[in-house]
Amino acid sequence: MKVHEYQAKELFVARGLAVPEGEVATTPEEAEAIAKRIGGMVVVKAQVHVGGRGKAGGVKLAKDAGEAKAKAAAILGMDIKGLTVEKVLVTRAVDIESEFYLGLIMDRNTHQPMFIASAAGGVDIEEVAVTAPEKIHTLAIDARYGARSFQARKLAYELTDDPAVVKGMTKALMTLYDVFMASDATLIEINPFVKTPDGETWSVDAKLNIDDNALYRQPAISAMRDLSSEEQSEIEAREAGLSFVKLDGNVGCLVNGAGLAMATMDLVQYYGGMPANFLDIGGSSNPEKVVTAMRIILRDPKVKAILFNIFGGITRCDDVAAGLLKATEQLEVPVPIVVRLTGTNEDKAREMLVGSSLIPAVTMDEAVQKALELAQGGAQ
Amino acid sequence: MSVFVDRDTKLVVQGITGRDGSFHTLQMIEYGTKVVAGVTPGKGGQSFEKVPIFNTVAKAVEETGANTSVIYVPAAFASDAIYEAVDAGCRLVVCITEGVPVNDMTTVYSYVKDKGAQLIGPNCPGLISPGQCKVGILPAQIHREGHVGVVSRSGTLTYEVVDQLTRNGLGQSTCIGIGGDPIVGTNFIDCLKAFEADPQTEAVILIGEIGGEDEEMAAEYISRHVTVPVVSFIAGRTAPPGKRMGHAGAIVSGGKGTAESKVAAFEAAGVAVAAKPSDLVPKLAERYEPARKALQAG
Amino acid sequence: MKVHEYQAKELFVARGLAVPEGEVATTPEEAEAIAKRIGGMVVVKAQVHVGGRGKAGGVKLAKDAGEAKAKAAAILGMDIKGLTVEKVLVTRAVDIESEFYLGLIMDRNTHQPMFIASAAGGVDIEEVAVTAPEKIHTLAIDARYGARSFQARKLAYELTDDPAVVKGMTKALMTLYDVFMASDATLIEINPFVKTPDGETWSVDAKLNIDDNALYRQPAISAMRDLSSEEQSEIEAREAGLSFVKLDGNVGCLVNGAGLAMATMDLVQYYGGMPANFLDIGGSSNPEKVVTAMRIILRDPKVKAILFNIFGGITRCDDVAAGLLKATEQLEVPVPIVVRLTGTNEDKAREMLVGSSLIPAVTMDEAVQKALELAQGGAQ
Amino acid sequence: MSVFVDRDTKLVVQGITGRDGSFHTLQMIEYGTKVVAGVTPGKGGQSFEKVPIFNTVAKAVEETGANTSVIYVPAAFASDAIYEAVDAGCRLVVCITEGVPVNDMTTVYSYVKDKGAQLIGPNCPGLISPGQCKVGILPAQIHREGHVGVVSRSGTLTYEVVDQLTRNGLGQSTCIGIGGDPIVGTNFIDCLKAFEADPQTEAVILIGEIGGEDEEMAAEYISRHVTVPVVSFIAGRTAPPGKRMGHAGAIVSGGKGTAESKVAAFEAAGVAVAAKPSDLVPKLAERYEPARKALQAG
């Protein structure tokens, strides 16, 4: 789950890390009032869960309250990569002398949280990692001992020799670690972390992603979820316990197991087609899930054929067949469905589907090829 | 031989009275796995299908000599269950549970390592040494005893591959699902090391997916230490960056974890990479005589 | 620092561990009102930092509000081991079927926090430890991993087979651990932890001692300090940075270093005397500290002689001599002072004391023997 | 020889610019200790009495090859300083700071052990191998090179005893103050083991006090593993139970840590226990010939 910049900053402030003062507005008038309260130059920033909002025009400087109102009016309602901006953060503008990147991720190789820091902040850090890897400093933390001040300080001294910046950066890094652990994050960033010409340091932007698996014990964080910032079908899928990612093709895929689902997508492309989605119905063979999955896939008008690929290990093929029959009864299905069911009780499932309009296939390759044919046929 | 589990595996099932735990306990017993104990706090003294239930793993180990644990408890209790199994002296702990917070796994990983135990999973289907022992939720009927080691980050994709092996007359030494989470107890290298040391294993199929660098590290390891032929498949070649593909670990981010990188690493290490699952057995046949013969016979 | 029962229980409740409802009263009328609010049988408990308050009559059952008022009137103002009762906790009485002891200490041997638990609760656990050590169960926790539920559960199953009690006890043990770590405790106890005839479990009494060294980072706990519950001279000593313990003899001791101070006390008794106190002036040679130390010692009318024993390592003997001279100027000292100053700058110090009324000694043995002689002389 | 510190000790001082740190750095340099670096964050690049100052211990170790650290920072920063020294590769860390929360020391203890380093303290006077190296705050002038090892939980009481040794012509191999806190990095057994293995050390004086069971465990260890004569003194025989005697560790509680128990344990182990500090040298003379001769000569 993604947390907005302004929400992440609230978590920083709760732990004593100062951020430039600011507030969220949902109307230009609110933005004006906030800018007036702050006084002087402000920044108006779209609160949406996509990268590159600056380049898309979602971040603007305003020299006074009137200008803040105008900029907010321009940004609110704007569409950034398919998401409508509903909120802006109006925050005091700080003078920038130099910009740093400070982040913390859960590192798979060390099995531990790992700090990532760079003196080349303010830009795309992934770009820096590729073009100038020597500018990226990392430090894995043994979570049993937690992050220690000396570690944050050591890392800070790798980026700068300025004791005042080191002090502010050490505090910021320790706060990142505390928020990361306390909120079960998978990623947290301050980019840029800024030094002003006066020698002050400020956390100017913030990003925080939370481990979905830990949300059950993070009621305060869960309450921060902004449904307006998410794809409707992905919300529905999540609520039904399905793993779903919308893609651009015309073959709807419904598979059990993430690995098999990816392999199925790959196979669709291997044979020259384009999948409409990634969808893992999981280990359970609950017929309701199949119905929901079908409904979500069918909502996409681009879908010209549906491909079921089920390997019945624990999931019993007859259960999936039952769900499938139920779904075709309950829903209007305007596109052909290719079904490949193999494994536990596959014979029983095959019998159940006899007489239905479903198109059977024995192997993955056969199923994918049939679905592609039908999708292309439908597109004619 | 086989790796990690065999006829000497004495299993304790944590969460034996739960829906999944009870179902799979029956399946494992049916397969011949020595299920010696179950644990459900508060149900100590009862039994499930003649398997005695204990309140704690410590008691179960003490009374039955269990050396391996399999975990079917809900995600919120899974990390505690791993600690408990390791603390009680289980040398191998297989955590089937999915949805364990990754934050929990950092310290669990350290604990397991500290104590010299081995954890497989979480979020994994378990493992099977066909004809000897099954621990987890893998569908037993598709497996057959033989000489191909299989290791994978996914579940059903592995069944797909195993099914092809078996249909082609190629049995397996051990099939291990290491799990799809960012932090898992056992990685590809651990399994490759075990397969290489196992006299029964003559070839290895490795099924990777996007995300992380486990495949790249495995490739490096294979080029230095593995003499048996290895054939691989990488799922997620067409997955868009920044989108998590079901498994918590299956995501391409920060320019890392791409399928291209993994395929390139394997090819550089002399590992054949199949373009699609159905190419795996033919690829194997190119470097493993029994597979060639089996294909010809089939 | 010691925390009152009612304060410790507040910390439990903040972490979701239920305790019998109750409130603190400082007057009988308040106690009556609280008892009325609770309804039914209540217990009125003196809030003082001493053991054995029950035996001293500081804990009484009351069947209704009127009786609660009367009992509170009897207990408030009562003297228990030299401390006046200023507050009572009025709390709902629970029926007791069985009593357990649950505690957690910082264990020196394992260098870790260690649970201590026993099915023989409600009585003096130190007594049980001696007479029936097999009834004491311990479990050291590796603080890097923290206490895990399975550990608490395992320990609970060693005390009882009742799943309901195990559940309540597991929760209580986990709460003890959380409070212990979060408050930098050195000891925390629930005694008794009670099972009622209905199968409920309750934390009936609570004890919590905090590491003085950690108080600087425990503002909320520090605010719980109850000065009325402490010896006046010990408060003054603590505020001056002195380690002071009042004892019953007539030889006031003023020593630098805890080990040497204990050895000096021991030597006083070895030669047949009784020390009036333990007092370590610490490593600093600040003359003000010497003055304060003298003032505290002289407040005890039983003191008939004062013994200075200083080994000047870092503490310079001349500094101590200066403080000593200052103290004798500022304070009226009605008793003889024996001074043994050895180590760094001892010659200089000895010169400074020439002409004063202070009685010099060269060795510890000589100093103690002289002080004893003088104390006995003064007692004649 | 000597134990823990010697002529090869290369010392970094953490908190070198503080009041205590600067004072004792001068004292140590004067004694001949090789103080190669100091650390004060923000003062890197400066120097103190020709000793270069660094911002981090890692940098100090990298630049100067320091192998030992001594810590004079305030209590709130002391545990971090220990972590930093160990992380930077110091094999021996001596923490003088008093008032360190015991809660911090539990994990510090584990960390130091994990990394194979040795911590002395906190809340200790440090240690000295007379004629070679002094690390800490002990008054150098009372020490003299020789063959008696001294180990103690206290500071000034140790000076008292060392002073008597020196005045009687008995020099010391190494004198170690292990500190008066409940959790310290090095205990009596660690020191006894080192003394026993040290050819220079011919006899040991052990100064214990009430609280804990370190003396009891030392007695057990001595009876099994120590061949050099050991003489001891226990401070706090007359301390009332439940009252902390200055040192955070000096308290008799829960019926444990009494002087009686310690004296009994030592006597059972064949260790002579002096009734008062001035009896230590005479007691030593009963079992250590050079002490007997020294007393006779004196």
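To keep things simple, chains are lettered A, B, C and D as they appear, and every chain counts its residues starting from 1.
The rule is simple: a residue touches a chain if its C-beta (ideal position, glycine included) is under 8 Å from a C-beta of that chain, and two chains touch if they have at least 3 such contacts.
As the structure is a prediction and not an experimental result, all values here were calculated from the model.
J.: Any chance you could name the chains that touch subunit A and subunit B both?
T.: Touches both subunit A and subunit B: C.
J.: So which one's got more C-beta contacts, B-C or A-C?
T.: Pair with more contacting C-beta pairs, B-C versus A-C: B-C.
J.: Can you work out the whole-Å distance between the CA centroids of subunit A and subunit C?
T.: It comes to 54 Å between the two C-alpha centres.
J.: What whole-number Å value describes the gap between the mean CA coordinates of subunit B and subunit C?
T.: Between these chains, centre-to-centre, one finds 55 Å.
J.: Centroid of subunit C to centroid of subunit D, CA atoms only: how many Å?
T.: The mean C-alpha positions of subunit C and subunit D differ by 28 Å.
J.: Counting only residues that touch at least two other chains, what does the list for subunit B look like?
T.: Within subunit B, the residues that touch at least two other chains are 107, 110.
J.: Can you list every residue of subunit A that touches 2 or more other chains, as numbers and ranges?
T.: Residues 144-145.
J.: So how do the chains connect up here, line, ring, star, complete, or something else (other)?
T.: Contact map by chain: other.
J.: Would you please name all pairs of chains that touch?
T.: Applying the touch criterion to every chain pair yields A-B, A-C, A-D, B-C, C-D.
J.: Using the touch rule from the top, collect the residues of subunit C that touch subunit D in their complex.
T.: Touch residues, subunit C against subunit D: 106, 108-109, 111-113, 125-126, 129-130, 142-144, 181, 184, 186, 211-214, 216-217, 243, 245, 247, 255-263, 265-270, 275, 278, 280, 283, 311-315, 342-344, 363-365.
J.: Over in the complex, which subunit B residues touch subunit A? Could you list them?
T.: 75-76, 98-103, 105-107, 109-110, 125, 137-139, 141-142, 152-160, 163, 180, 182-183, 207, 209-210, 212-214, 217, 233, 235-240, 242-250, 254-255, 275-278
J.: Inside the complex, what are the residues of subunit D that reach subunit A?
T.: 41-42, 44, 55-59, 77, 80-81, 83-84, 87, 107, 110-111
J.: Can you list the residues on subunit A that touch subunit C in the complex?
T.: Residue list for subunit A touching subunit C: 144-145.
J.: Over in the complex, which subunit C residues touch subunit B? Could you list them?
T.: Residues in contact with subunit B: 144-145, 148-151, 153-154, 157, 161, 163, 166-167.
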